[in-house]
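Shared between the two complexes below is subunit A, which has subunit B as its partner in the first and subunit C in the second.
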Partner chain A sequence: MTPKVEIPPATVMPPLPNKSKGESSSVKKVLLQFAPFFGLLSVFILFVILCPPAFYSFYNFKTIITQTVIVGIAAMGMTMIIISGGIDLSVGSQIALGTVVIATILNMGGPGVEASTGITILAALGAIAACAVCGWLIGLTTSRLNIVPFIVTLGVMQIARGVAKWIGKEQTVSTPVNNLQKLMLLDPEPEWLIFAPGVWITILLVALTAVVLKYTVFGRYIFAIGSNEKTARLCGINVSLTRMAIYTFSALFTGVASVMQYSNLTVGDPTAAAGMELDIIAAVVIGGGSLSGGEGSAMGSIIGALIMAVLRNGCNMLGVPNFVQEVIIGVIIIGAVAIDRLKHHIKA
Partner chain B sequence: MYLKKYIALLSTAFSFMMLISCNSSSSTENKTTTANTEGGTEKLRIAVIPKGSTHSFWKSIHAGAVKAGQETGAEIIWQGPQKEDDRQMQIQVVQNFISQGVDGIVLAPLDDRSLATPVNAAVKRDIPVVIIDSDLQSKEYSSFVATDNKMGGKLCAQRLAELLGGKGKVIMLRYSEGSASTAEREAGFLEGMKEYGPNIELISTNQYAGATMEKAFQASQNLLNRFPQVEGVYCPNESSTQGMLRALQTSGKAKKVKFVGFDANATLIAGVQNGEIHGLAVQNPFMMGYEGVKTIVAVVKKENYEKRVDTGVKLVTQENINQPEVQELINPDLDKWLNQ
Partner chain C sequence: MPDTLLKLTNIIKTFGPVKALGGVQLEVAQGEIHALIGENGAGKSTLMKILSGAEKPDSGEIMFDGKPYHPQNPAEGRLSGIAMIYQELNLAPHLTIEENITLGIEKSKLGFAKSQKTLVQEALRILGQPDLDPSTPVNTLSIAKQQLVEIARALVLDTKLVILDEPTSSLTAADTQALFEVIARLKAKGIAVIYISHFLEEVQQICDRFTVLRDGQTVGTGSMAGTSIQQLIEQMVGRSLEDMYPHIPHTLGEPVLEVQALQGKSALPRSASFTLHRGEILGISGLVGAGRTEMIRCLFGLDKVANGKVTIMGRKDLQAHYLRPEKALDSGLDLLSENRKEEGLAVNLPIFTNITLSALKRVSRFGWLNLAQEKQQADEWCTKMNVKCRDSRQEVGALSGGNQQKVSIARLLNHNSDIFFMDEPTRGIDVGSKAEIYRLIQTLASQGKSIVMISSYLPELLGICDTLAVMHRGELSAVKPISTWTDHDIMLYATSGVAV
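The block that comes next holds the complex of A and B.
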């Protein structure tokens, strides 16, 4: 790593406007900061009005939160990538690969035997490592061969899916009973956890991402590269090395998401999570991330993921047919980006 | 101040859409439940969850469920996974119905293990579950309503043995590894061959067609090239049957080779009509939806019900294809139930 450098703050935080306008514009800024949160709140209230009382029961609240876990965790990694001006289309395939790796390692203890804690932990770490290798490869190819991440990750999407099918021998891999399967239970064991362990892990990871993005040199580098890569390079940031670090670090989150996906499915499934990368990217974008880089936040992205989960759950509750749900989610994505554009107009 | 107007506009537009969609959905719900016995006890709310929603097979199940709903006075809530054939999405749909507190769930599980956890969770919350179409590895569900696949395979073997006069060389093209229902049809066929055609030589029984019609087509071509002397062929599902039909047509062997398949669609029915397919074992999805809902209602009302309901297989041939009962099976009048 290069020695610590001061990053020009201009690209990240615009200078405060002069005092006469200060008050009203700072109110606006606060409003904009919380735009995704208000979005979530209004969607939730809308459903509370429309839906039967079962919608705002505590059990349904738990259901929604648990359904957010996989997309939410993967969205943390995606947030970092999108802030750095990149994109990762291979996340869904990586998650599938992760579930197959877990299942394969769990079966090493012999069929039908309950997996020991050691093997269980090894399996989870194996999945995370497999995803990290994918991330590292993506970072390496984009920075060394200078190919845009869209193309590289499009390729890795196919490769990871293919490898997953190869390891799984083109079918789902069944596994013995083990503790990983308890990570996503709606009624957790032990009961005092209230929420599934996966939910608590998500909360920890969101906090971790927020801290990394705000308070570490690495986090500031991510913003700098996404805001203006040339300036970042001139400031002495080793862009290609940082980029490799970003993709590898993000892939760790994808790995954790794959553990949660396995926990939900209880089998290794090479066809799992097809198209999930689009949900994840949508979560980041709804939460205020900008595909041109330099913008986004951990909090925003998890709220984006929650909005989509609330929409799906609420539409289910109302008995709205699937095609209406798809249209609504599409409208929300475009609406979120429209608001984002507006933000830029106001800032300018 | 543009911002406020803009956001206001967006949110009103959104809420409008929601309202419109809700109105339309509630009106369709009303339609499906008009035949309810008015007055008296509260009507039951039964969730029916298919594997997908665009395939005609599932539309037939839906129609059957609606019919049973009208007869028993239950409200049918029909909801498939948002992405077709996506296990994760189907798990979420089951979870959402548990939250919603429906009275019973009829489920066609996409996977015999992944769906066990949410089904057990439902039963734990006193929501009974009836499984249709494919089995689930769980002891918690109340009843299993599906085709007896082994029986269907046997039926095909009997037909092929008759067509060949008890002798000849036969290929069985398997469907795909790990698919329980087709594996039973294959086992049933082999069993039936021993019984009805002990002198028939099975020259290939270990090849797999793969999940898509395209793959099945290639596998079939390879098999037909390798065994030019073949006289009879059996395939255990729709995509493999259609792939094999295409391969027989392109190699000029159609009509000459005796061909028995499983499941029906428009192409395969046409194949039966013009004599390229000599027998098609057809399931009864309408019955599956109907019996599934009837059974779950019986479970909820604590009446007697069967732990295993066989919905039957019918062999469709060129001779019987125009009979009204067969026509009803292959061209069911779905609109009568779905768009009234």
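The block that comes next holds the complex of A and C.
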């Protein structure tokens, strides 16, 4: 081991006084940092004013939260992918594939009235594994064949959907009664859980993602690759290996989301979650994720998912037609990115 | 003295509490080539933004061509007769020369663009480029020629003042000379030029007068004749740099890196061989594109190697083919990229992340980061390297070029390899930071580190290296002690491959 480098303090230039850009702009910066949160708050307050009291009842609150679960969990995986500068368009198809895999495995236990705990767990793990394989294939193809993830995942979107239809013989697959179906109940069993088990799982996964992104070397590599892949390579990061790890790890989240989707549907449905990947990407983008990589957070993305759920729920209560909701959500996506631009402008 | 074309009096510009310009005076005569020099952060870019119309001064008076000049936006500035030519060129790469030159001033008939070929050809002729075909797409031209297209655009607009910002930073020596001829032609046409550059030799060669900015103020102006480079530097940094190139005693030890017949897959380098010793500063000179960068990138595993043998610290098992950056780092090599913004740094990540990225193992356990320890390490480097920042959580992109380079180097020091490849370590940074980096390289050598330094700036190689080799079209000359090389020998090998 060579001695540690000792550099005497520089003497050539006296240190300049700290340049601060002034109070007003630093306040602005803090405000913009929490922009997604304020967005959620203002959307919520808006509906509290407009909607009948039923909107801010505890029961409706539970409904909104439960409706966020699937998009929220999948958005955690997507957050990591988007921070690394990638994208995954195949998430919706993967979720459908997952539900079909669950149903198929549950039916293997024979035509019983209720599936055993063992086979239920196996079914959930099977769905997660199926998604993990998709993620691994995406990572492998993008890094080894050097094809942009947009194209690869566009392909996998078709492939996973096709495989789901093939396994499910192009129809929904009914299943025996099992415990997975209880994951998304508004009134959970046991009662003291208050929220559906899926909600608690979501909270755990959000915390997990936040911790992985901030406190692990893997998380740091995700940011580094997304911010500047060349720098990452220069710093000795094995970029293609890390890429594969990112897509595989993220697909585990998609797998869990597919379990929740199954719980909602109680059947395996190869046509489920069509177009959901766009909701998931929108959640990440509303939450401050940048499609050019290097930016995004778990908290931001879950807030993004909540904003969309509150909007849908509130609009439904007001009797706003579906097409208007779509217009509003579109405007919010663009607005979120505009705020993001503003944030960069102030930083620069 | 001819009539004054541009006169700036007491220009003040503040951004929040920061005074970017605190009373700038600048006077440019008609048809003169005026150098504007100063360290990074001295206020040159703010001043240029004001002149181009991108920013407005808080107070002060600007007279241009006998009239008060208050452009509301860059387009107005252009039409008033001031053309800015930035370091990063502003051309539409897929359009032709003619389309680029006439962009925004197209003449049309019934909505169809009318050819202005004669106008464009005339402009190119004035610039001494009558052979350039106006219908050539700009992206097929060299950087030097693209720059001429920008200058031609200024000519077409009947410009009276051209501002060139670091025009030679990406040009070869031959292209630089060609540009100087073009500038002389502009001068002959009565067009004034403000020439901004860090290369003081160039400034001295072509400028008539100079103005020095320091900390947002004009600290000196005068005629270039009779002013030495040393005097210019003293005005820029505000004190006498008695020794730009310090010498800290160090001795050469055993060989640490032996390269035999290294052949790159991209044809560069061609069978390069050299030996680097402990405590040695080896300079690599040569023309841009000779394969110097490719050679160290091959050694670091960033470029593919076709053939060759590399022995690091006496370990013969390291064949060059197997080199990957992660393995190179583990073997005690490290590389400072020539391209700070595109490769060297992740500019939208914080300073501390950039410093520790290559050595996260040291601040982590089983993959978990110790953020407090990481931040503390990075802060120490910021202090030692004199990085001027508010906080190491600040984005690297917000720092000046010199400070960004210090962060890049801090990463190398933090990783603590034994052999440093430094590719153009002082490119695009101010004189003060340069002097700090020279002193640092000497300090490293005195501590037994070995450095391979690539530079296109001969004085610095001659100033701080122990040994030197020159590359010509992928072929590396013999490594010889610095005292045995002369400017002439180096240029001869670099341009013709002939060793003396």
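As a working rule, the second predicted complex is superposed on the first by the 322 of 348 C-alpha atoms of A that agree within 3 Å, B and C clash if a C-alpha of one lies under 4 Å from a C-alpha of the other, contacts with A are read in each partner's own complex, and residues count from 1 in each chain.
Rule of thumb we're sticking to: a contact is a pair of C-beta atoms (placed from the backbone, for glycine too) under 8 Å apart; a residue touches a chain by one contact, two chains touch by 3 or more.
A quick note: this is a predicted structure, and the numbers were derived from the prediction, not measured.
A.B. asks: Counting only touches as set out at the top, which of subunit B and subunit C does A:Asp340 meet: first, second, both, neither?
C.D. replies: In the superposition, A:Asp340 contacts neither subunit B nor subunit C.
A.B. asks: More residues of subunit A are touched by which partner: subunit B or subunit C?
C.D. replies: B
A.B. asks: Name the contact category of A:Gly236: first (subunit B only), second (subunit C only), both, or neither.
C.D. replies: second
A.B. asks: Check the residue A:Glu277 against both partner chains and state whether it touches subunit B (first), subunit C (second), both, or neither.
C.D. replies: Neither partner.
A.B. asks: Tell me the contact category for A:Leu265 with respect to subunit B and subunit C: first, second, both or neither.
C.D. replies: It touches subunit B, and subunit C stays clear.
A.B. asks: Taking the superposition on A as described, I'd like to know which of subunit B and subunit C A:Arg220 touches: first, second, both or neither.
C.D. replies: Touch partner of A:Arg220: subunit C, not subunit B.
A.B. asks: Output the subunit A positions appearing in both contact lists, the one against subunit B and the one against subunit C.
C.D. replies: None.
A.B. asks: Across the complex, what residues on subunit A touch subunit B?
C.D. replies: 28, 31-32, 42, 46, 50, 52, 54-55, 57, 59-60, 63, 66-67, 70, 169-172, 174, 181, 185-187, 261, 264-267, 269, 271-276, 312-313, 316-322, 324-328, 331-332, 335, 338-339, 342, 345-346
A.B. asks: Across the complex, what residues on subunit A touch subunit C?
C.D. replies: 2-10, 12-13, 15-16, 18-22, 24-25, 214-220, 223-224, 227-228, 230-238, 294-295, 347-348
A.B. asks: Quick one: which bits of subunit B touch subunit A in the complex? Just the residue numbers, please.
C.D. replies: Per the touch definition, subunit B meets subunit A at residues 2-3, 6-7, 10-11, 14-15, 17-18, 21-22, 25-26, 29, 53, 77, 79-80, 82-83, 85-88, 91-93, 95-101, 111, 113-114, 116-117, 121, 124, 176-178.
A.B. asks: Within their complex, state which residues of subunit C touch subunit A.
C.D. replies: Counting only subunit C, the residues touching subunit A are 15-18, 237, 302, 324-326, 328-330, 335, 337, 342-349, 353-354, 357-358, 360-361, 364, 367-369, 371, 383-386, 388, 390, 395, 397-398, 411, 413, 416, 418, 432-433, 435-436, 439-440, 443-444, 447-449.
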